[in-house]
Structures are given as C-alpha cells and as structure tokens.
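Okay, so chain A shows up in both of these, paired with chain B first and chain C after.
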Partner chain A sequence: MLLRLYYQTTMLKILKYSFFDLMRSRWSYVYFGFYLLLGVVLLFLNNDLSKAVITLMNVIIVLVPLIGTIFGVMYYYNSKEFTELLLAQPLKRSSIFLGQYLGVALSLSMSLILGLGIPFVFYGLFKSNAIWDFSLLLITGTFLTLIFTALAFNIALSNENKIKGFGYAILLWLFLAIIYDGIFLMTLIFFEDYPLDKLSLVGTMLNPIDLSRTLILLKLDISALLGYTGAIFKQFFGTSFGLVVSFVMLVIWVVLPVLRIMFKSRRKDF
Partner chain B sequence: MVSIENLHKKFGKNEVLKGVDLNIKSGGIFAVLGPNGSGKTTLIKSVLGMVVPSKGTITVQGENIKKNSSYRHQIDYLPQIANFPSNLKVKELIRMIKDLRKNTNEDERLIELFKLQPFLDKKLGNLSGGTKQKVNIVLTFMFDSPLIILDEPTTGLDPISLIRLKELIQKEKQKGKTILITSHIMSFVEEVSDEIVFLLEGKIYFKGTISELKTKTNQPDFEHAIASILSDNHA
Partner chain C sequence: MRSIRLFLVTMFMATSLGAQTINVCGTCNVTSLRDAITLAKPFDTVRVKKGIYKEHDVVIDKPLTLVGENYPVIDGELKGEIITVVSDSVTVDGLFVINVGTSYTEDYAAIRVKKSKHFVIQNVVLEKLFFGIYIEKSSYGKIYHNKIIGDAVEEYNSGNGIQLWYSHYVDIEHNFVEHVRDGIYLEFSDNCVIKNNVSAENLRYGLHFMFSNDDIYQDNTFEDNGAGVAVMFSKKIKMLNNTFKKNWGTASYGMLLKEINDAEIIGNTFEENTIGINLEGSNRITYKNNNFTNNGWAIKVRGACYANRFIENNFLYNSFDISYNSKVNDNIFDRNYWSNYTGYDLDKDGIGDVPYRPVKLFSYIVNRTPETIILLRSLFIDIIDFSEKVSPVFTPDNLMDNNPQTKRITW
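Right, the complex of A and B next:
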C-alpha cells in the first residue's frame, strides 16, 4: 500500500517536471498563441457563435491530432538521454513513461483550453447558451490530445530510429485524418446495395477523429452536417445515449495505447 | 556486492554478451575494459536494469534485480553522454534529482569542488560539454551509495577537474565503496583501478590485477599488455 503510494508520487513528480519543462518551451507558446488568435478572429470578426464553434471543430479535429503526434514523438526522442538518467534512479519504468506522457498531453491540452477559452470568456461565453457546445469542443480536443500523444509515444517506443518514428507518426495522422475517410466512403459506395448500418457504426468508432466529429455534431444537433454515419449513429443510439457511447469509446481509445506504453516500456532495452 | 551468472544478451541477431560470469566483491575499484563493441556498456546497463537480459541472473547485494527498481538505491551511475533537458537550470536539475531520489547536502561540497557556482543559474542547454560532465559528476556522487558505476567519467574534463575526479574516486574507495569504471584512457585506468575485467567478444577474457595481466601477456607495461591481447585475438 505504502509502496504503491510511493510509485504514484514519483509519477506525479515526473509529470510535474515534464510539464514545467514544456511550459517553458517556445513551441507551447506558439501553439497557445495560434489558438488565441484563432479564437479572437473567429469571434470578433464573425459574431455568429454557433458558426464559430463549427469552424473551430473543423480546425481542432485535424490540428489537435497532428500537434499531439508531433509533440509526442519529438518529446520522446529529445528527452532520450534524460530518460536514461531517470532509468538509472530507483524509479519504476511505468511511472517514468506515464509521467512524461501525461506531462506532454496535459501541457498541450492546457495550451488548447487557455488559448481558446480566454477569447471566449471575454466574448461573454458564460452568458451565452453555447457554453455547453463550447465545453464539449474543449473536452473532445483534450481527448484527442491524450489519444494522439499516447499513440505517438507508442510509435517512438517501438522505433529506435528517429526518422522512422517521425515518418510513422505523420503517416498515422495522415491515415486517420484523411485517408481513412476516403477508404470508408469508397467502401460505402462500393457496397451500397447491402445494409451498411453496422459497418459504418464500427467504422466510425475505430477512428477517434471521426468519433469526435460525430460526438460534437450530435451535440450541436445539426442534421445537415451529420452525414450518413452521423445520422445512423443518431438513429441507432439516440442523441443522449449516442453521446455516452462515443465518450466510452474515446476513453477506450486513451486506455489501450496507455496500457501498451506500460507494457512496452517494461520490456525495452535502453 | 554484484554477482552475475551466465548472462546472455541478444539485440535482434546480434549476440553481445555470451555467458558472462562475474563476481565483484565489496570495496575497491574495478575497471571494465575491452575493444569497441565488446559489450562493456551492455554489461553495465544490465546491472543497472536498463537492458533486460536474455538469460542469466544478476544480484546486487544479494537482491535479484529482475522486476525490481528499489535495489537502485544502492547504485550511483554516471552515464556516458550527459544530455539533460535544455530548458532546466543546473540548480533546478539538481533539486529535481534530489526530489526524485532522496535529500542530501553533499551537492554543495561537490559544486564547490568542481567550481560550478557560476553555472547554477544557467540553462543546461547553454553549457559546454565539460561543464555538463561536471554537473553529471555532481549528480552521481551526491547520494553516497555503496556501489558507484562510472561510464567514461573523464570525457571532456580539463586537467584540474580530472585531478579532482581522481581524488574523489580515491576518497570514495577509502569509505569502503565498490566502484566500477569503464574507460578508454589506459593511463587513467592504470592509475586508479585495483583490478581489471577484460571483455572480449561478449565473454570475460581476463579478470585480475594489472600486474597479473602483465605477467600473463609477458609485456612490460599495461598499454602493451592490452594491445597484445587485442592483436593475439585479431580484434
């Protein structure tokens, strides 16, 4: 019991140091600044809150996974020697890697939440009805950060070669953000004579980016943007149950890669 | 202190350690030598638990190191390349390692010894290689553990710091500690070590004192003794 508590505190300490290390990096501020600018431009030049939320959704869903993957791989490779220093200390491997992972993921999430949150607060978000839509947007963005940073750590742990690791990470992002939808659409067209409800449900759940998009659109309740899969999602689960199901799937998408980080790091040579 | 039995390690198809048996008793300075790629670093990293052995057992002070991390409280390790988070300041790094491991006041004496005060508020990314190595030495020696492992400790050090390092190593030895060193600088090894362990192609070729090695190879000095092992074995 006491031992367990000790391991948890070491993980939190490593998290804290990785977090502050990143908080001092120039790139965190560039990322933060980008969202700040995006929020300001969308709100004060556009004046339509629900349109702003939709535009933000489209940006977040593509950009957050990209930044999460790149930062994750970059942080892992850059802190390699430092990780070796930690590994020689009396610390458990899983607390070292989970601590670093959470440090990266949380600092990225914070840039996102603060960068978009500040302009929205000034805009008068708390008095508006859009607060729930907006919060959901930030929650989904945080989930995507957690998922893609974990995937990036997985890729980096499995590839000693930096260039290969970066390559696979970019490919993963490209696949899930763009190619997947293409293949998915082609399948739907190709098999249009067959019942496709179940297939498209599964197809949506297997891609965290599609899942996030469906989740947000379900909440926004804009049927015109839902598309085929979204409509099936809504029909199959109903709006509120559909929200719960997609949340559970997002959690699974975080948990599985994190478990593999723990598993893989235990067997790795440094 | 450290006992290694039948240690094998393969990286893919590359068999680096091929059955190493080694007993290191408490107290004294042991140098692990061998040509490039002979498995020195792999051996040391196996003892540290950074490399997972393919076969064999390692015990440190009677404790099996498999699936264990607390035994590393007994070990101070100086890694070969010191590359620290570049955004941290020197004193923050020292504070952080103390926070992660245990508190100590030894660092103040070591900072004084290596004249690191002017660098404490500098970021690690802006330090020269030699200064980084001094920080590395401070981090290693501040915990006062019974086993000290030094991987190429002399890298980048100026002559004065080198003398201070040698004095430091001797002092630790007098406290009854066990010190494991790898180095390519033969004069350094000859000066500090009590016993040498010579690795060749993943096996222990020789273990004993330097004078025993000289007798065995029939060579008048240490450097030639090492060279004769290497040329006899075409390594």
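Right, the complex of A and C next:
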C-alpha cells in the first residue's frame, strides 16, 4: 500500500518535473504564442466566432498531431540522459515514462487550450452560441495531443537511432493526416457500386484525425451538405450513443499506446 | 379592348344607378353573408361587421365588393370550401377566414376564383386552411396584401397557400405565406407578376412554377422552406432581387431550375442554402449580379445546360462554388468575384491576372461517389485540389473565369 503510494507520488513528481521543465522551455512559449496569435488574428480578421471555429478546425486537425508527434519524440531523445539517471534510482519504470509522457502531453494541451482560449474568451465566447463548438474543438485538440504524443513516445522507445525515430514519427503523421485519407478515398471510389455508408463510418472511426474532423464538422451543421451519407453520419454521431462511441474510440487511441509505453519501458534495456 | 369598354360602361351605369351597401352583422336585418349576396344587386357593396359567421360554400355569382370591417371571422367549421367567386369584378377585402375542410378528392380552398376576370383579393387573413387562395382559369386579377398561415404537417394532406391554375395576368403582391405545402404555386399561368412576397417555413416549396411562361418575380423572400423554390418547364421568366435563405437540408436548394429557357436571374441573394441553384436542362439563362453566400454548393450544374452566362456575381465562402458532372462546358463565367480566388493582380486594374477555375476536383469526385464527401476539409483533399488547379485533368479545362475580380462587386 505504502509502496504503491510511493510509486504514485514518484510518478506525479516526475510529471511535475517534466511539466515545469517544459513550461520553462522556449518551445512551449512558442507553441502557446502561435495559438494566441492565431486566435487573435482569426477573430480580428473574421469578426465571426463560428467562422473562426471552422478555420481553427482546419489548423487543429493538421497541426496538433504534427506538433504532438515532433515534440514527443524530441522530448524523449533530449531527456534521455536524465531518464537514464532516474533509472539508476529505485523508481518504478512505468512511472518514470508515464510521468514524462503526461508532462509533455499536458503542457502541450495547456498551451493549446490557453493559447486559443484566451483570445476567444476576451472576444466574448461565453455570450456566444459557438461555445459548444469551441469546447468540442478544444476537447478533440486535447485528445489529438494525448494520442500523438503517446504514439511518438512509442516510436522513440522502440528506436535508439534518433534520425530513424524522427523519420518514423513524421511518417506516422503523414500517414494518418494525409495518406490514410488518400487510401480511404481510393477505396470509396473503387467500391462505389456497393453501399458504402458502413465502410465510410468504420473508415472514419479508425483514424483519430478523421474522427475528430467529422465530429467537429457535424457539430457545425455541415451535415446537410453530406446528403444521404450525411444523414447516416448525423444519425450516428448526432445521437449521444454515437458521441459516446466516438469518445470511447478516442480514449482507446490514448490508452493503447500508453499501455504499450508501460509494457515496452518495463522490458527495455538501457 | 371591347370588353374593357363594356366593363367601364357597366361600371359607370352601376354607379349612376346608385350602388347600394348591405350591412351584415349579428343584429342587422341581414345576418349572413349568403343572404346578403342573394339580396345584393350587381356592383353593390356587402359590408360585413365584426363578428363570427359560421358559413361555408358561399358563392359570389355577381360583381360585388365584399368588405370586412375589423376583420370579421368567417368560420367554415371544416365543412368544405368557404368562399367561391364565379363572377367577374369581385373584390374580397378584409376578412378573416378560418377552418377550411380537408378532402382527399377535392381541393377545398378558403377563397376560390373560378373563370372570372378582374378580381381583387386583398387584406385577407387565412388560417387553419387546406388550400388558401385558389385561382382557376381566371385572369387580370390582383392578390394583394394577404396573410396566409397554415398548420401543414404532411405533404399529402395539405394544400398550397396561393395557387394559380390556367390564370394569366395576375399580380401577387405583398403577401405573407407560411406553413403550407407550397407557398405560391403557378401552373399554366403566364404573364403574372409576383412581387414583395414573403414565403417561409413551407413544407415543400416556397414558390413553385410549372409550365408558366413570361412571369416576373421580384423582391420576394423565400426562407427556410422544405426544399426551396422550384421553377420547372417554363420559358422567359425574370427573377429579380429575390432572397433565398436558409433552405438547408439533405434535399434542399435555394432554387431548382429544371427545363428553364431564356430566363434572367439578376440581383438575387442566395444565402446559407445547401445548394444555391440546382440547374438541370436549362439553357440561355443570364445570371448577373447575384450574391452567393455561405452555401454548400453555390451552383450545381447537373447536365444538358448550355449557353448560360454567369456574369458579375459574388461567390462568397461557399463550400463548393460550382459543381459539374461532366467534362463538357458550354457556359460562360466572366467577371465574377470569387472569395476562394488566390491569384494576384500586378497591374492593379481590379482583375486578377490568373484565371480562376471554380470547379474543384473534389466536387467532381463527390459527384461521382457521393460518400466521399466525408473527406471534406481533409488535408489530402486540399492537396489534390491544388494539383488539379495547377493542371486540370478531370474538370472541364475551358471552364474558367478569365477576368476574376479582386474586389467584391457592388451594384
């Protein structure tokens, strides 16, 4: 019992350390500043909250995964020496790596939420109808950060070679953000003679980026554009059941890589 | 000409003979509309005072002026048609007509005009109706300043607000129609003017044209109708300065054009519709100075559309500007403003130096396989759109605006 508590506190301590280490680092500020600027510029140019939310969506589903991936890999390789030092101490391995992972993921999420949140709050978000769309945007953004940082840690843990690690990380992002959609599109066109609604639903659910995009798009009532397919999607995602399923899917996307981090870190030879 | 002269002469005779006024009220000598009409001589005025009159199948068979004071209620008690006009030169003014009967075999209307000329229906309020104002083989009339509020739920057991059937030279102005099946419906009716009406929240179409030529509709507002406005199988129609708004749904459009030739569509606003204009088999139409704002598709060209000219329109923030389903293009796009235009204007003459291609590859793909629309706003789609823009392979290569404006056009 006491040992368990000890482990938990060490994880929290490492989390705290990583978190504040990152909070002090230049890159967090750059990231935070970027989103702040983006939010301000969008609102200043658009003067319309719901429009700004759509533009933000475009940015978020592309950039958040990219930055999560790069940052995760970078942080792991950078703090490798410190990790080795920690490993020499009587600490549980999984708490070291989980602490680091959470430290990175949470600081990135915080930069995102604060960077975008502040300009929008000042603009009068709480008085606007767009608050739910915006919240959904931030929630999916946070999920994407958690997912892609975890995936990045996985890659870094499996690759000693930095260059290789970065390469794989970029490839992963490229695959989920772009190539996947290409294959998806080809499949849809190839099987156009068959009923495709189930296939498209499954295809969307399997990729966290597509899932986030669809969730936000449907919230923005673009679903009427989607015609018949849209009706099916709306039927699925519009209900609380569909929403729960999608969030469960996102949670699975977080949990699986995290489990692998724990598993891998337990066996890894340093 | 002779008929008009005859009409004037009879009018004059009627007034000189001293047209009488018959008052109808609960405590008057005459207590029902029907009695008043039987008593009245041609060109008399029947004045209905405030009150509730439970009557239906009132037939006006002589030239009369039926005027309500302070909106007397004519309650049909859901028994059938309420007022039927079968004579020329009848005016119906200021009545509040409710409870028209519903039938699946007959089109009961609150006010029906049958084979008559020179009718005027104005300041009438209709509620709880099946069909509202039904004009049948009647011409030279005026339907002015009426308010029609239905409670239609299903298409199959509801009627239209204002319906014209084989009626020519009718002016429909300043009416307000909502919650019926079709707000205004014209069938085989030529040379009509539909002006300043508001048709909103109707089950099917805000305005519905069938086989009606040479009509003008202008300054109307069509909002939030089930499927928008449908104009079909008609020639030489002028559509000016109308507003088509919020017709948003999986099978909705601002305006559906089917088999329309030689029309003019000028100065209209299409805002927040799933499809701004849906074109099918429509030729030689001029689109000028229209605003297409925030639509899913601004214009969807389905096929067999030739020699249309899209000139000086504003295309603002639509998900797709133009959608084509073939590689053949015979339509002209010129001097429009496209908010998606990314070219430059080096000589600062207000015209972009690079032509704009309004058809995106993605809209072509979506036309082919509608399910692919779920990839909307995906990065991959942006990339293929960009590559198609640089070198068109799938979209019509002569479909472009050679003089895209760099500033929003005002007129």
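The rule is simple: the second predicted complex is superposed on the first by the 256 of 270 C-alpha atoms of A that agree within 3 Å, B and C clash if a C-alpha of one lies under 4 Å from a C-alpha of the other, contacts with A are read in each partner's own complex, and residues count from 1 in each chain.
Going forward, contacts are C-beta pairs under 8 Å (C-beta built on N, C-alpha and C of every residue); 3 or more make two chains touch, one makes a residue touch a chain.
Here the structure is a predicted model, which means the values were calculated and not measured.
Peer 1: Is A:91 contacted by the first partner chain B, the second partner chain C, both or neither?
Peer 2: It touches chain B, and chain C stays clear.
Peer 1: Please work out whether A:269 is in contact with chain B alone, chain C alone, both, or neither, and reply first, second, both or neither.
Peer 2: first
Peer 1: Let me test your reading of the model: by the given contact rule, A:17 touches which partner, first (chain B), second (chain C), both or neither?
Peer 2: Only chain B is touched by A:17; chain C is not.
Peer 1: Of chain B and chain C, which one contacts the greater number of residues in chain A?
Peer 2: The partner with more contacted residues on chain A is C.
Peer 1: In the superposed arrangement, which partner chain does A:82 touch: chain B (first), chain C (second), both, or neither?
Peer 2: In the superposed model, A:82 contacts chain B only, not chain C.
Peer 1: Quick check on the superposed pair: does A:213 touch chain B, chain C, both, or neither? Answer first, second, both or neither.
Peer 2: In the superposed model, A:213 contacts chain C only, not chain B.
Peer 1: Should A:182 be classified as contacting the first partner (chain B), the second (chain C), both, or neither?
Peer 2: second
Peer 1: Would you mind listing the overlap between the chain B footprint and the chain C footprint on chain A?
Peer 2: In chain A, nothing is touched by chain B and also by chain C.
Peer 1: Considering only the defined contacts, which chain A positions touch chain C in the complex?
Peer 2: Interface residues on chain A, with respect to chain C: 51, 57-58, 61-62, 177-179, 181-182, 184-185, 188-189, 192, 196-197, 199-200, 204, 210, 213-214, 217, 221-222, 224-231, 233.
Peer 1: Taking the complex as given, what residues does chain B use to touch chain A?
Peer 2: 11, 45, 48-52, 69-73, 75, 77, 79, 81-85, 87-88, 96-97, 99-101, 139
Peer 1: Show which residues of chain C lie in contact with chain A when the two form their complex.
Peer 2: Chain C residues touching chain A: 248-250, 252, 274, 296-297, 317, 319, 365, 368-381, 383.
Peer 1: Going by the contact rule set out above, which residues of chain A touch chain B in the complex?
Peer 2: These residues of chain A touch chain B: 10, 13-14, 17, 21, 24-25, 79-82, 84-93, 267-270.
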